[in-house]
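Labels A, B, C and D are assigned to the chains in the order they are written; within every chain, residues are numbered from 1.
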Amino acid sequence: MKPDHLPPARPDLAEILAQVHDHVRPLIGQGKVASYIPRLASVPIDRFGMAIATLDGELFATGDADELFSIQSISKVFTLTLALEALGGDLWKRVGREPSGNPFNSLVQLERERGIPRNPLINAGAHVIADVILSSSATAREDLLGFVRDRADNPAIIMDEDVAQSERDAGFRNCALVNFIRSFHNLDNDVERVLDFYFHQCALQMNCMDLARAFLYLANRGVCQRSGVPVIKADRARRINALMMTCGTYDASGEFAFRVGLPAKSGVGGGIVAVVPNAMSVVVWSPGLDDKGNSLAGAAALERFSELTGFSVF
Amino acid sequence: MKPDHLPPARPDLAEILAQVHDHVRPLIGQGKVASYIPRLASVPIDRFGMAIATLDGELFATGDADELFSIQSISKVFTLTLALEALGGDLWKRVGREPSGNPFNSLVQLERERGIPRNPLINAGAHVIADVILSSSATAREDLLGFVRDRADNPAIIMDEDVAQSERDAGFRNCALVNFIRSFHNLDNDVERVLDFYFHQCALQMNCMDLARAFLYLANRGVCQRSGVPVIKADRARRINALMMTCGTYDASGEFAFRVGLPAKSGVGGGIVAVVPNAMSVVVWSPGLDDKGNSLAGAAALERFSELTGFSVF
Amino acid sequence: MKPDHLPPARPDLAEILAQVHDHVRPLIGQGKVASYIPRLASVPIDRFGMAIATLDGELFATGDADELFSIQSISKVFTLTLALEALGGDLWKRVGREPSGNPFNSLVQLERERGIPRNPLINAGAHVIADVILSSSATAREDLLGFVRDRADNPAIIMDEDVAQSERDAGFRNCALVNFIRSFHNLDNDVERVLDFYFHQCALQMNCMDLARAFLYLANRGVCQRSGVPVIKADRARRINALMMTCGTYDASGEFAFRVGLPAKSGVGGGIVAVVPNAMSVVVWSPGLDDKGNSLAGAAALERFSELTGFSVF
Amino acid sequence: MKPDHLPPARPDLAEILAQVHDHVRPLIGQGKVASYIPRLASVPIDRFGMAIATLDGELFATGDADELFSIQSISKVFTLTLALEALGGDLWKRVGREPSGNPFNSLVQLERERGIPRNPLINAGAHVIADVILSSSATAREDLLGFVRDRADNPAIIMDEDVAQSERDAGFRNCALVNFIRSFHNLDNDVERVLDFYFHQCALQMNCMDLARAFLYLANRGVCQRSGVPVIKADRARRINALMMTCGTYDASGEFAFRVGLPAKSGVGGGIVAVVPNAMSVVVWSPGLDDKGNSLAGAAALERFSELTGFSVF
């Protein structure tokens, strides 16, 4: 059954994917691969994959949509979901909901605002989210992995230990952030535990199809599309979408909302997920990043997708 | 004819308005009336009005929806529309599209970003927009007034000269901003001309019903609902909505997207307009402001409206 | 009579000047002449003058020490002296005494500190000082000119109207600053009056010998060296010297204290005055500026002077 | 032999100390004792000691001048001395010489200036200095302790391990700083080693008389007053004094220069050292701090001392 709130004549999504892929071909390989850890730096820059999962249960894909990559900051949406379920509205006493207007690992606003990160989708906010999850469960890392496997319907998903370890070795900025937040008494757990959890969530390895399936609950008012079981309350799902719209793509969120018009979250691994509420999730991956840290070909692909389908929320 | 992309069973909007009005009654009179000019300071704080205009041509209203008020920053959406039509995409060389992460009249980011305001919906951005309009027309102020009267279908709308003059007399911060932008060579017109235009746009007097009608083109892909004539291209209308979502309510835009989930623009006169794409525009007015400068009862009313109708874009 | 607190064998100052001049010859003509107004931009960059006035009444000079130049920010020391005499310690309620850590015309700190400029030797502080003087005298500009002529023992000193007018025409940043301060209610006089006074004080035309004589009161515990008449109380003279040490050379004050070790004040006209407490004043002029806005050859000359004489306060 | 550059009639320093002590008696016990570690928090607030060591070899003291306290940031002058001797002028490639204009543990400027601390007397700068010392010696901590014992002529001086350990346990902000600097590649040594050294230097226990003797080399052009052996080159001693003047008392350095007019360095243990070039060192201790983190009674004592003796450098 097709949901009645979709435009009656839904576009041919396979055809749309083909057109988008053609459109961005000249951009594939442009930008820069994230280079701060070897495992990310060695990813071939010429990759491009895209996948769509619909509430009808269909899956469409093109290019390298089945190639695993490091989801990095995309994981912040998963952990936010878990933390919201654990703590409810009290979560917002410890992290804000405003765009940061600054690069994703900036300490400036954190200082001005006394250790309360601007939102849960920047690094500082994700550290607080990690702390909340660690306080609510003794098996936090396993819980997260189980949650992601369930959402993606793929028990083979893992966290790449090499990536996690490399991130820790190079993670001076994140270590600075966590210590800084701790100095404002906005962390309950040990600094090393928080960092360990954070670097493991970033090290989740998934492909475009995994992610497309995994994000469907945010297009479906919080309900798992396959099982019909609620993952999160409908209003919380909507609010996570709102946060992705205003804060999901670092200091380019305004630009992204302007060009694409869909809630989205990007990672420095080159992945971007977008949600078309009540309809589908769209995932793109291409490791070449623009100067704001978002996938260059990926952002262009989502913009083209929005143009061709009219699937903007605005 | 009811647009087929609306949820099939549209709620009874008159009933919704009544429920919203009841819900916010305890909040009416709370907050603080803007006090920097006498004309605003003297508005009775106990006012509350709300109006909805639908693409079907219906109009619903409650409370003081026919009482005139100073639309203030809401006017920035009108001038952005005019400037986009005048300059097209080149406009974005002179003003950004990112949330500011700072109070609406801050000079900090303006300095860091060398005179390019973060977005067209903060004061600094509106000054650049005013400059663009002044450069494109010798009758800029009349053009704006004509545009607003057309949109609202009300030839009686005026700019309140007393308000404009009072704003100028008290407008040291805006004068600082304009001179500052000028020092970075991002203004072509005389400082006084820019300020004069800006203070007049802020001084537009409208009521909730005027504004509800006037904003319908943004719910209707840029097309005038009454005449069917295009006001602005569809993709530009969408993008103005995106800017309202990420930047429309000062440093509370993230919070607003989170709570209400609709593109919106507020003014210190106590008005807030919101757009339900493909469906309707909703306008609320209550002069008591919260500490971010948005109408306290107005924001609560829109949040309640969103809850009752499910009309969030997310 | 030689003051007994000078080192017993005072160096041969004429010889010192010659050595300093030789030392900096390769630097003369380097840097950039201030270019924001035509009158400053047209000054030949190859000029260099230096003069010393001692408490013994001697005057030494080399190079273009008799060529008039625009003293610009050096005038801030004169106006601070007048404002301190007018208002006493209450002055420090309206302006701070800390280095700014930011470029001289920055608005950032002014915003953070709610309109209280960091110190009286940056532009923002000088505007507040100008306001104090304007409030204390109906003939402020004449008072300042008279004061400077008296200090320098030269009734021919004037303010260059062309410079003052050009500064006003180009002075958007200063106009922004004054309006900004006004918006925090830290100015009593009309914005235009404050700017007019400020641009006239900057337009004072003096040569190195004028300035050397004019600054002797700060080397002499506030007493006029010629007449023996107190200009300002001894503790205030000391405190002005302290402010010059910590705040006198824009964002290079720490560097300057480090390299030269004497209280000093620079101007974008290329002049720098330095005070050797209880001994002499030293003035250098060369219009090529370094990237902090201080005379490049001038700073090197003062550093060499300090090395050769040992006349550091540290 | 009395140095001939002192004012001929040197005041009776014992009498001066008595007068100063009387003057500040009402202030003793005011302010707040540093509370972030138990060892500092438990110091009785009613203590006050003061000592003067002259180049003649005389020592004057009053109050609790023989009571040990934690010298904290005063140690930064000792480590700067060692690092300057180790690295020479190249040190200034890694740390600046400007006042910070911000609280002493701020990360804001560090971010803006890409990991180059503003000066060696704020925490961030001291971490870089620690790193330099660690790179130049395998026995860095012993070297520092030996240096301080030599300067103070007291082999019993120790670092308090409890204080060092407590600081480490509570040192999230410093840990953030060090990691942050490391992320900008301005640290060569392991983060933990740098922190360990830093917290041990802060944990040096000395009394006013120790410190007065220990700082005499800075009043004596770098030469040890007792042995006549050079500790540091004369120009470097002068420049350390200059840095103390512009940067030695956190964000109150301008105010301190203004009120006291002597190079000085304070610590949150309540100590302040001041240097009268070519004459003496003056040390005061009282654990109650003002809101900038400087000893409240201590600063008042130095101001009174400067007034009574006329020993300002200005």
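Assume a contact is a pair of C-beta atoms (placed from the backbone, for glycine too) under 8 Å apart; a residue touches a chain by one contact, two chains touch by 3 or more.
As the structure is a computational prediction, the values presented were derived from the model and not from experiment.
Chains making contact with subunit B as well as with subunit C: none in this assembly. Subunit C and subunit D have centres, each the mean of its CA atoms, that are 31 Å apart.
Taking each chain's centre as the mean of its C-alpha atoms, subunit B lies 56 Å from subunit D. Chain geometry summary: the mean Cα position of subunit A and that of subunit D are 48 Å apart. Taken together, the touching pairs link the chains into one ring where each has two partners. Taken in their complex, subunit B has these residues touching subunit C: 106-108, 111, 172-173, 175-180, 182-183, 191. Within the complex formed with subunit D, the residues of subunit C that make contact are 4-5, 7-8, 96-102, 109, 118-119, 235, 237-239, 241-243, 245-247, 251-255, 257-259, 261, 263, 277, 307, 312-314.
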